[in-house]
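See the structures that follow.
Heads up, the next two complexes both have subunit A, just with different partners, subunit B and then subunit C.
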Partner chain A sequence: MKLSEYRSILKQRFEIVQASCLFAFRKEVAYAGNNWAGVISATAYTLSMLLFVNIIFGNTKQIAGYSHNDMLLYFYVAQLTYFTNWYLSMINIHELTVDVNQGHLDMVLTKPVPALFYLTSRNIGGFRFFVEAFPPTLAIVFSINWPALSISPTNLVYGIFIFIFGAISLHVFEFLAALPVFWLGESENIVDLAGFIGAGSGSMIPLEGFSRPLQFALGTIIPVLISTAFTASAVLGKTSSRFLFLWAFIIALIAVIIRKLAWNFAIKNYTSASS
Partner chain B sequence: MNHPIIKIDRLQKDYSVKIKQSFWKNAFFPKYKAISAVNDISFYIDRGESVALLGPNGAGKTTTMKMLSGLLYPTSGKVDVLGFFPFDRKNEYLKRIGLVMGNRSGLAWDLTPNQNFELAKKIYGISDHDFLERVGRLTEMLDVEKFLDKQVRKLSLGERMKLELVASLLHNPEILFLDEPTIGLDIISKQRIRSFLRDIQRESRITLLLTSHDMDDVEKVSDRVIVINHGQIVFDDSMPKLLRNYQDKKYLTLVLTETVTSKVIEKFGKIVDKKPLSYTIEISKSGQSKTIADIMENLPVDDIDIIHVPLEEIIADMFTGKPS
Partner chain C sequence: MTVYFDIIRFSFLRFFSYPFEIIATVLKRIVEIVFLVLFWSIYIKSSGISVSLPQITAYFLIAMGVADLTMSHWGALSSLIGNQIKSGHISNYIIKPTKLIPALYAISLGRNGMRLILALINIAVGLFLMPPKTPTSLLFFLLFLINSWAISFAYNILEGTLFLHFTDAFGIRNSIQNFIRIFTGAMVPLYMFPSPLKEILRFSPFPGMVYLPANSLSSAFALNGVGLDLGIGIFWGITLNLLAFSLWNHSMKKYEAIGI
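Right, the complex of A and B next:
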């Protein structure tokens, strides 16, 4: 493929994302009252988690090598994982399962857009991400004693990339959980289970709290530790950030390839709901 | 000379369906068998034709349409639409077709039609000038300008369907696939949509492929009829040819002033419908004058009405294998 063709593909995808963001924004603001409930629920959850972390560390100095302050940073990354995963990935995946189940996918597949890209980027909840994620994460930011953390710029940069690769891997894990809808007709609960394992329990325990075999399994086969546990560990310098970066990169690359292959297989077996 | 833009050759689509077994066997060791939704069908459609695909529920017409629009992968056979294999879903192909499904919505529920159209404008790369001209012209033809800024979820089914049609035509497609476009609509909306489809087909030479259970849709919109039953084509020709076989038949509806037994009515023709003080009978066109004269002489007739055999019945005869 020529460079100009790549450029035109990228341009088209950028335009799709741009149009989809505007489209999603209009949908988000169509029901303003609903957004307040989201802000309140996210804030309440964050405050209860902060309280929980304070209570746990009232009786102990360290958990899995993490001090109270380290744990707050870990919790901060976990919250970023949750919000990123929900607003960039899960909303689209849930919509995909509904569309396949009810046959609305027909109307998407006949649009001249790269279907997989469009389906996984059409509902980027930018507005809700901002209004719902901002107040609670701000509360965590102010709880962390930043000068007391030893974060090197190199580890921070590696950490940002690991977080992105982790978000990609987690998205693919949840996306694969959605695909049985093409055969079973419904997979909402499977997606919820994947979401719970990924952005939920996958963000509860630091990397160093897992045994080696579990670190391997949850960092490769079920890649739910990367975006939070790997990132926090790399940023805090508890494990080699370069090693974790390479690990996260390889897994994200494999995940993207698997996503494409699995999608092609699923779409070939699409039977479309009766009309 | 016409060139076919839709070419189907020995097309087949099989689905796997579960074989009924005991509960436990079904849960853990399900068995499947293949059933053919479309079975070895072939036809060509020329540019600018308006074709109806007819058949009873489950005949395979929607499956055929879905294979043509690139939604389903055929089990075997060849499909060529505008020089493309539809399932590849190339952008160049998708930009040249449109799809409207009566029981699916292509418009986002929470937004207004205008906001939906703007997304379509981006996706299809429609210029500002063309976009404004087409939205203006199409909404005027369907008389839906006033609904452009109303949330889609607040529109009636008829209004929504008309706006779905506008959305499907914004990019000026060469082929429009219509799957039950008037399902559930009131008679006024149906008529409006039918005449709209006829008008745009004549104006822009768009090729229409329609499935519908409403024979009025077919009569008003299509020139050619393909009848599918059990996945196979049982008739493929023009509408007049379909009707020609039934040209010698007429239906006569009699409204009587007093009750008359069926036995008496049967002397004049086969009873096809019976209501209190009203009968519809089948008569031959050639003997029509004599039959009417006999009826007027022998029965207490208040009113009389002569109609063609409805298309529904012609198609139903085909499905049941009755001779015409």
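Right, the complex of A and C next:
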């Protein structure tokens, strides 16, 4: 591929993301009530979880080697994973299942844009992401005793990259869960299941709490541990951050390739609703 | 009465159009239990509390079952009421020759039929893991379950009433549900709560929704103080239902239907 072609592809994708963000922003500010409702709900969830962590640590000093303070950082990363995953990935995946189910995908496929990229980036809820995520995550930030945490700058940088790779892997996992809609006509509950596995494994149990086989399975085949458990472990220096970085990078790379292959396969099997 | 059974049956059968979705629902419940057991096994190892893994697993299985059966955890009835009001479809039910709340309750039961079946399986597995010590435990379980149903029913109606006053009350509803999960003992058994909070919660309606029925079947159940718990539960069951229905009737009078 020539450099100019590559530039043109990048430019087109940038324009799609720009248009998607603008469209999502207009939609989000049109229903201000929803934003407030989301803020209230997310803040209540966070406060209830902070209460839960306090109750749990009323009877113990550590869980799987994590102190109360470590667990709060873990919860902070889990919340970031949730908001990133929901507003950048899950909304689009849910829309994809609805489009296939109702036959709207035909319209998308006729557009002169890369379909896969468009479908997975057409609704980026940036505004709601910040509005809803800010108050609850701030509550966690103020609950953490930061000076008591031993976080090195190297581990922090590795942690940020692991988080990004984890978010990509988690997105692919949920995207694959949506594809049965091409054959079955519906996959909402399958997507919910995938999202639930991601949330369930990431919000309560630190990486060190899982057995080795489970760490492997939930870090590769079902890559739901990476964005939260791997990140927290790397940032806190509980496991070698370089090792976790490499692991997360390889899984994300494989995940992106699988996503493309799976999409091509699904599209070949798509029986259009209108033709 | 037959018409409500028909509504339940019809709403339940709709779910069978997509068998893979049923499998996903069942798998979701299994995953939920697996992670719960995993977390508590780690917690028991770390904390050294005097509760065994089968005991805590049985508690959560029964608690989840009770929460699903009585709709105290996920508020299926309030969610349905909310959706119907928000979309304006509630007018369709108002003009039908059925009573509004029983008809909506029947739809919620039918649509969530699979959850209810799983709830019963949960309770059965919980009982198998930790059989109750005496028949008295079973008797108290049934009494507390009926009480839990009464409180949860009122709680669903109260939440549903919110939708008659706000354009979108799902945020408020979700906020309430997040705290309900903690205070009812659905996430942590109340005996693990710090002492002042535990004592305060005892006089609230929350323990009656999940904790008391689930704990009555556990081996830690003691008859001491059970009369007071039951009395508090009955008080809240009656009071909340009276409050819920008076608020619902009052709010429905102000409801402006679309298209009529």
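Following the convention adopted for this analysis, the second predicted complex is superposed on the first by the 271 of 275 C-alpha atoms of A that agree within 3 Å, B and C clash if a C-alpha of one lies under 4 Å from a C-alpha of the other, contacts with A are read in each partner's own complex, and residues count from 1 in each chain.
The working rule: a contact is a pair of C-beta atoms (placed from the backbone, for glycine too) under 8 Å apart; a residue touches a chain by one contact, two chains touch by 3 or more.
These numbers come from a predicted model, not from an experiment.
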Exercise for review: Could you tell me whether subunit B and subunit C fit or clash when both sit on subunit A in the superposition?
Suggested key: fit
Study note, to complete from the structure: In this superposition, the partner of subunit A with more touched residues, subunit B or subunit C, is C
**Study point:** subunit B versus subunit C as contact partner of A:Ile16, first or second or both or neither
**Key:** first
Exercise for review: Using the superposition on chain A described above, determine whether A:Ala44 touches subunit B (first), subunit C (second), both, or neither.
Suggested key: second
Practice item. Pick one for A:Arg26: touches subunit B only (first), subunit C only (second), both, or neither. Key: first
Exercise for review: In the overlay, answer first, second, both or neither for which of subunit B and subunit C A:Gly185 touches.
Suggested key: second
Point to revise | Computed vertex angle (subunit A) for partners subunit B and subunit C, CA, steps of 10° | key: 90
Review point. Least CA distance subunit B-subunit C after superposition, rounded to whole Å?
Key: 8
Revision key, fill the gap. Footprint intersection on subunit A (subunit B / subunit C) at 31
Practice item. Using the touch definition up top, name the residues of subunit B that touch subunit A in the complex. Key: 15, 62, 66, 69-73, 89, 91-95, 97-99, 101-106, 108, 110-111, 115, 118-119, 122-124, 151, 179-180
Review point. Inside the complex, what are the residues of subunit A that reach subunit B?
Key: 15-16, 18-20, 23, 26-27, 30-31, 103-104, 106-107, 109-113, 115, 268-272, 274-275
Review point. Tell me, which parts of subunit C touch subunit A in their complex?
Key: 18, 20-21, 24-25, 27-28, 31-32, 35, 38-39, 42-43, 46-49, 166-172, 174-176, 178-179, 181-182, 187-188, 192-194
Point to revise | For the subunit A and subunit C complex, residues of the former touching the latter | key: 31, 33-34, 36-41, 43-45, 47-48, 51-52, 55-56, 58-60, 62-64, 180, 184-190, 192-193, 196-197, 200-201, 204-205, 209-210
